[in-house]
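Presented below are the structures under discussion, each in the form of structure tokens.
In what comes next, subunit A is part of two complexes: it sits with subunit B in the first one and with subunit C in the second one.
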Partner chain A sequence: MFQYTQFAFSHRRKVVTVRIRRQEITAAYLFLAPFLITLLIFFVYATVRAVIFSFSNYNLFNLDPNYSGEDPFRWVGLLNYLNLFKEELFLIALRNSIIFAFIVTSVQTFGALVMAAALNTKIRGLDFFRAAYYMPSITSSVVITLIFMWMYQRRGVFNYLSTQLLSYLPLIAVFFAILLIAQLLQVFIERRRGLPAGWFDPALFVVSFLLALAGTWLLNISGVIVPREIVPVDFIWLQTRQEVPAAFPTFLRAAVPLIAIMIQNIFTTIPTFMLMFLAALQDVPKSQYEAASLDGASPVQQFFYITIPAVQPVTFLVITLGLIGTLQMFDQVAIFGSAVPLRSVITLAFFVYNRMFPGAQTPEVGFAAAAAIFLAALTLLVVLIQRRFIRSEAQ
Partner chain B sequence: MARALSSSAKPNWISQQQFNRWQARRLWARAGLTYAVMLAFAIIFLGPILFATISSVRTDPTAYPPTLNIPQLSPRNWAAAARLGRAGANNRWWGGFAPGADVPFEIIYFVPEGQEPELPEPVVPRRRPGAGLGSVLAIDYAADYATITPVKEIERKTGRFVVRDEELSGQFVTYAFRILYEGDGPEINRLPLDITAPRRQSYARSTLSLSRLERRGRVASYDNVAPGVLGYVLYNYRRTFSEARSITTERSLFLNWVSNSFIIGFAKVLTTLLFASMAGYALARLSFPGKNLIFILILFAQMIPGQVIFISNYLVLRDGIFSLSRLWGQTTLLNSLTGVILSGLVGAGAVFIMKQFFESIPREIEEAAMIDGASQWQRYWNVVLPMARPALGALTILTFQGAWNDFFWPFVVLTTPEDIKTLPIGLLTFRNVYGGTGDWGIILAGAVMSALPIVILFIVFQKYFLEGVSFGGTKG
Partner chain C sequence: MKKLAISILVLAFVTAALAQTTVRIMGYGGEDPRIVARLLDEVIGDDLAEQGITVQYEPLEGDYNAALTNALSAGTAADLFYIPAETAPGIIASGKVLPLDDLVDSGPFITSLVDTYTIDNQLYGIAKDFNTLAIHYNKDLFDEAAVEYPNENDDWDSFANKLRGVAALDDDVYGACFPAEFARFGAFAFAAGWQPFDAAGNTDLLDERFVEAFSYYTDLVKEGVAVQPSDLGEGWTGGCFATDNVGVAIEGAWILGFLRDAAPNLQFGTTFMPIGPSGERGNFLYTVAWGINADTANRDAAVAVLKALTSTDTQQFVLENGLAIPSRTALADNPFFAEGTVESEANRIVFEGAASGNVIGFQFGKVGTDWMAPINNALTAVMTGQQDVNAALSAAQNEIDALIERANR
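Now for the complex of A and B:
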């Protein structure tokens, strides 16, 4: 803009500048037009209408001038919002959403961080593995959910793997026992010789691992330890009303199908968040870890005293993204659909849909809108809390 | 791998060289363990997808136990399938049952000692697989055209065989017969076969592995005995296309869904590229009143849950976007691809990405064009846009992926008829229709195929996807 003002002495120049300026504004709005129209109709207008509906008893039909049903349109004030908390299904949805968001976010954040810490080395081939981990996140929710539903069948992969695990439990226990003993013995011997071997010494661990493998194999073929004969696990993942843990009060329990969705959700989101953590971790100077291991800090101590503080900003971001994503969970509930009892998996987002399109009944648009606004407010609250946390961190 | 364990606590009894070797061993072991851990994670995260892909070729993917030992993946069956496909319709890839077919078939039974072997009874059943969509439509049955030659015993061999956990001695008896297509008629793409064995004779082997044993092992049932290699391995995949048909148009539903998904994906990519770069250019380069308000709106649009806006958007589409759609003759935009495309012309996130990118291009480049008297549009179209190729590339991939995987909005808008759905919504129909009867082969095959385009995109344009992580990261 500098060159314009410099030459804008004469009156004529000024007129030109004003004209250019007006042209620029017109051009800007022409460039923005398609985007602004979309934004105004499908976001702004839509949100305003949702708020307005939430104060009414609108049901898709009673705004029609020819409407002759028994529920004519009227304003109901805050009644919809108050009624939300009298509706049992809404309370169930609220409980499900909160438990789901809480468990999934904490497990996936912690899991992603641990995985990132385990992989935090600059080695060749990292790109290949990065791509492999990212695969579940790029495919659609429907594909992943269908695959998991298939694995959750009563004679499916999950129950089969559980059966195998239980059957091979003695062998697995023996394996870990040998591993532990071999590692302890070796570290002990090395230290006696004056070598600075740590408890997790990788070279000794490889030897212990091979020893454990060979030992277990020998015990198995000699018939000392054999897989147990057990009845195949027949756990019902989907078509069940069972809630766990049974000892907890009702509002702290989660239905088994909801847990099935949790497992699936954690599985698909961990890799994405792990990659975010990994990016942050690669900026932490190696010298910090070296200094710590010189001082005799174990990998676990290093994780808690170096890794976790170093990635704190990313942790906040991951938690926020996780909470927003899980609070608005819809797809999995819709896809599980009739294969599970609705009450056990319904979430706030699905509750809104369910009231807007309740099948054969009359839609309760006003009520659905109130629930949707509640969901938006909950999401906003999470974001605001996170913003506050970050600000207090920065100070 | 420069992380040296630089602890110099070397004991006196070994030389520095030995100690260095001791330390190097640790570094190698650590690298090896890291790779092992990475591989374990890769198996965990790719495992379900890979295993589902492999199981999708099984006749019944829910058969217990889950296994990698699948008849469809055995070369012996491939060879047999090719041979039978040739015999059935002179097509070793896709097989079939055409006039003049002469399909030879052999089956081996185990007959325990003290039992006289009897002839089994083969039948071409009048059967169509699946209870699902379009099963009211008429099809040609191989049963109406097939003739089976009398069964002949051709060989006896003594041996031992396990029957119900008990190893018995006896003899293996081989029977042979042919299935003929005499006279004229249509070519039929499937030749099912049921062979009923006499009592106490157990099925051991046959030309082609059987699909399932029925009635306590007495009936060996085959979905198609003239399949061709691909027809055999991709049996479930073929079913997704051929079986689910629209009741009104008789067209393949799956094919419709695929093309709908592609149409929406391409349309959204085009509109997003154009409109997001236009808006991003204006926001990055031009000064005008109301700019800050627009930024606030962008932020707002990214935060508002879909469940808030879908109520009004549904009504807007129902009324044809304020009756505008009447201009081109549509009274409502529900259940129409146009509706889905028009309601998602350009996303706020895409505009934001383009704005960021244009801000990183130096202004001087445009100034030359400005002095030459180029109009605003020419500056955008001829000068800036060609430079934005990397950003446009990333946006193309991300938009297409988003549109292809989108579930909620198409789920609300596209409900009837089945023909109008997109792939994710269509797969849900598959689940509802076939999942109830436990017919998971067709569902898994559909799921694998619908993931394929994105997986291919991902493998080719990996870089853009991983950039998407950082774009997504800026959203919160």
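Now for the complex of A and C:
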């Protein structure tokens, strides 16, 4: 009897535990449901359809039973995928995407880390700099693109500044020459006196700076050194098919307009990644830097031997996100649109759109879907390769 | 008795409500919703209401072609929609546009416009209006330079010389604004007697007539007589002209509304395109038509709305408001054209431009608007001095051959 009761009791407890567990699982699924449903409809369903269409010649209209056009629906097997590689524009898009992803990801990761390290120090007005540097990332990509397009004009800001720089080059050169000489002289004199003066001693630097400023000004008003009369710089950023570096084989070159978009993209993405690095840097113990500086490590050495290894997991995240983002580059290319030659800037994502809504032709959904699937596979592959080179754990 | 009256009244209301058909129409965003709303309010709304038809305008903002294609495929397209000439072949090839031959009489409309929407001998759209290019010149600049205004007797040489005269005024002043776009330059190629497609559907950019026009257009820019809008920081010729530093703009009647707002004090006149080496002028015919959705549930109502939207009254309204040029031949003798104001004169010239010389529709067969890209790139490359004419055109020829071959595949 006793045994029976105990059995019944433990059985009931089991039932209760199971019930609680079941409730917990249900609750979990309920909380997940909003996301799961959107994921199912807009991602899984859409992907499955895209995969299916990529094996057909679907054109948005030929599944209609009343369709009487010249291209009735049929399955074409792998033909769309094979045709991708016969299409010159696709190969150009592939090259552009890979070059874009490689260069932009490298530069933005490094730039973000350097900026984060700079903003992790205690300087006056830190909050202002953090906010100011973050501005490009919260500004609409469309607005930024329009501003950049204006600056890239033949008579835009970039060419104007280059012209000014070249024109004032003699004065700038003289300024730096005086600065260098003054600084060297001062350090030399100080050391002769037996005082420990570094090459970048701030107090001496201020004196050198003022000396250089005064010297340059005197030389300028006395007419010895004057700005040069030069032909205004007329570098064509956008309306060009020029590819650089000219010495490289075609598949390694980047068109100038694509480089223009790279510069803009780096400018807008650095701050986002900077924020991630900044968060990671806050966790690096100050004691490590203090120990290193006691051992005589320079700030540059500290950056390479302490900072970089410490933020390794975030670097992995930043590079992964960067690669995915850049391989799927679409919006900025689309907004540059007709201001640049299509072949110079077309990326894989834009190629998909371009085939989906070509000028006045029927959409090539099957072909575009094949290109989209290829892009997804490529992104996955690149991220997998990247994982082999950069580990996601801290060293 | 009273009860009977009430029941009759109620019955009448119910039938009226039932008979009320809503016809949805789709067109561009931007200014168009306001114009269509006024049109419905002031001109055709009452007539349609008597027939029990309510019209609802649904603007498609952004890329019209992409949005309409999606809507047609998804079955959400309106009963009536705009069909721009340049994307018409693609939209019609979808099989979603109703042939109009037995429903609408195309007789009163300008033949070339009807032809633009006739594919395989079937009519798919009624042009709502159209535009051509004309020379708009800045009177003050021509006066200041003491150069005779451009006129309808100008040929390419006299036209270029007048532009040189204006450009000589100052370093910042240019004779004309020439964008690197086939959509404007093409008129010169047509004036040289060049045709975009031969009988086999191929394009020859190395044809000497094309090369002559191409050189004429790009040389003026290289010489510094003409300027690209982007070099003045402007997006199009209209903006360029409104700076008051440019003698001539080659645009359609759409520039009038823009100048009214952007440069109200600019004194300008309008004349015909110059006569090219073929002895004829060249011009584009830009147009947008109303087409009916083949799957519409309200075919009769849709036809009624289409007729109202292309009626004489509508076109008179559109013309008088300086919006566009009517597509009905009967409006050629419209008193509005003879009013003698700058704008009515410009409208008359744009209207008559459609019948003067080699006028070719702004349409590129199956290739669509992509067809223009190689030519635009070549224009840019030559205008900015990156390539010479032969190299640029050879490259463009290869690209355009590839595009045509692909479209025919």
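Note that the second predicted complex is superposed on the first by the 300 of 395 C-alpha atoms of A that agree within 3 Å, B and C clash if a C-alpha of one lies under 4 Å from a C-alpha of the other, contacts with A are read in each partner's own complex, and residues count from 1 in each chain.
Just so we're on the same page, a contact is a pair of C-beta atoms (placed from the backbone, for glycine too) under 8 Å apart; a residue touches a chain by one contact, two chains touch by 3 or more.
On a predicted model such as this, the values are computed, not experimentally measured, just so you know.
J.: With both structures placed on chain A, which of the two partners, subunit B or subunit C, ends up touching more residues of subunit A?
T.: Ranking subunit B and subunit C by residues of subunit A touched puts B first.
J.: Applying the document's definition of touch, where does A:384 land relative to subunit B and subunit C: first, second, both, or neither?
T.: After superposing on A, A:384 lies clear of both subunit B and subunit C.
J.: Tell me which partner A:45 touches in the superposition: subunit B (first), subunit C (second), both or neither.
T.: First partner only.
J.: After lining up the shared chain so the two structures overlap, which partner does A:213 touch, if you call subunit B first and subunit C second: first, second, both or neither?
T.: neither
J.: Applying the document's definition of touch, where does A:358 land relative to subunit B and subunit C: first, second, both, or neither?
T.: After superposing on A, A:358 lies in contact with subunit C but is clear of subunit B.
J.: Between subunit B (first) and subunit C (second), which, if any, makes contact with A:153: first, second, both or neither?
T.: Touch status of A:153: both partners.
J.: Name the contact category of A:131: first (subunit B only), second (subunit C only), both, or neither.
T.: first
J.: Considering only touches as defined above, state whether A:230 meets subunit B (first), subunit C (second), both or neither.
T.: neither
J.: For A:320, using the defined touch cut-off, is the partner it touches subunit B, subunit C, both, or neither? Pick first, second, both or neither.
T.: first
J.: Which partner does A:25 reach: the first (subunit B), the second (subunit C), both, or neither?
T.: First partner only, subunit B.
J.: Which parts of subunit A are in contact with subunit B and also with subunit C?
T.: In subunit A, positions 60, 150, 153, 155-156, 338-339, 356-357 sit in both the subunit B and subunit C interfaces.
J.: With touch defined as at the start, can you tell me which subunit B residues reach subunit A in the complex?
T.: 1-7, 9, 11-13, 22, 25-26, 28-35, 37-39, 41-42, 45-46, 48-49, 51-52, 55, 61-66, 271, 274-276, 278-279, 281-283, 286-289, 294, 297-298, 300-301, 303-316, 321, 343-346, 348, 351, 376-377, 380, 401, 404-405, 407-408, 411-412, 423-424, 427-428, 431-432, 435, 438, 440, 443-444, 447-448, 450-451, 454-455, 458-459, 462, 465-466, 469-470, 472-473, 475-476
J.: If you look only at subunit A, which of its residues touch subunit C in the complex?
T.: 60-61, 64, 66-70, 88, 150, 153-156, 236, 239-242, 338-339, 341-343, 356-363
J.: For subunit A, which residues are in contact with subunit B within the complex?
T.: 23-25, 27-29, 31-32, 34-36, 38-39, 41-47, 49-50, 53, 60, 115, 118-119, 121-123, 125, 127, 129-136, 138-144, 146-151, 153, 155-157, 160, 193-196, 201-203, 205-206, 232, 267, 270-272, 275-276, 279, 286, 289-290, 293-294, 317, 320-321, 324, 328, 330-331, 334-335, 337-339, 348-349, 352-353, 356-357, 365, 368-369, 372-373, 375-376, 379-380, 383, 386
J.: With touch defined as at the start, can you tell me which subunit C residues reach subunit A in the complex?
T.: Residue positions touching the partner: 63, 65-66, 69-70, 72-73, 86-91, 93-96, 180, 230-233, 294, 363-364, 366-371, 373, 376-377, 380-381, 384, 386, 402, 407.
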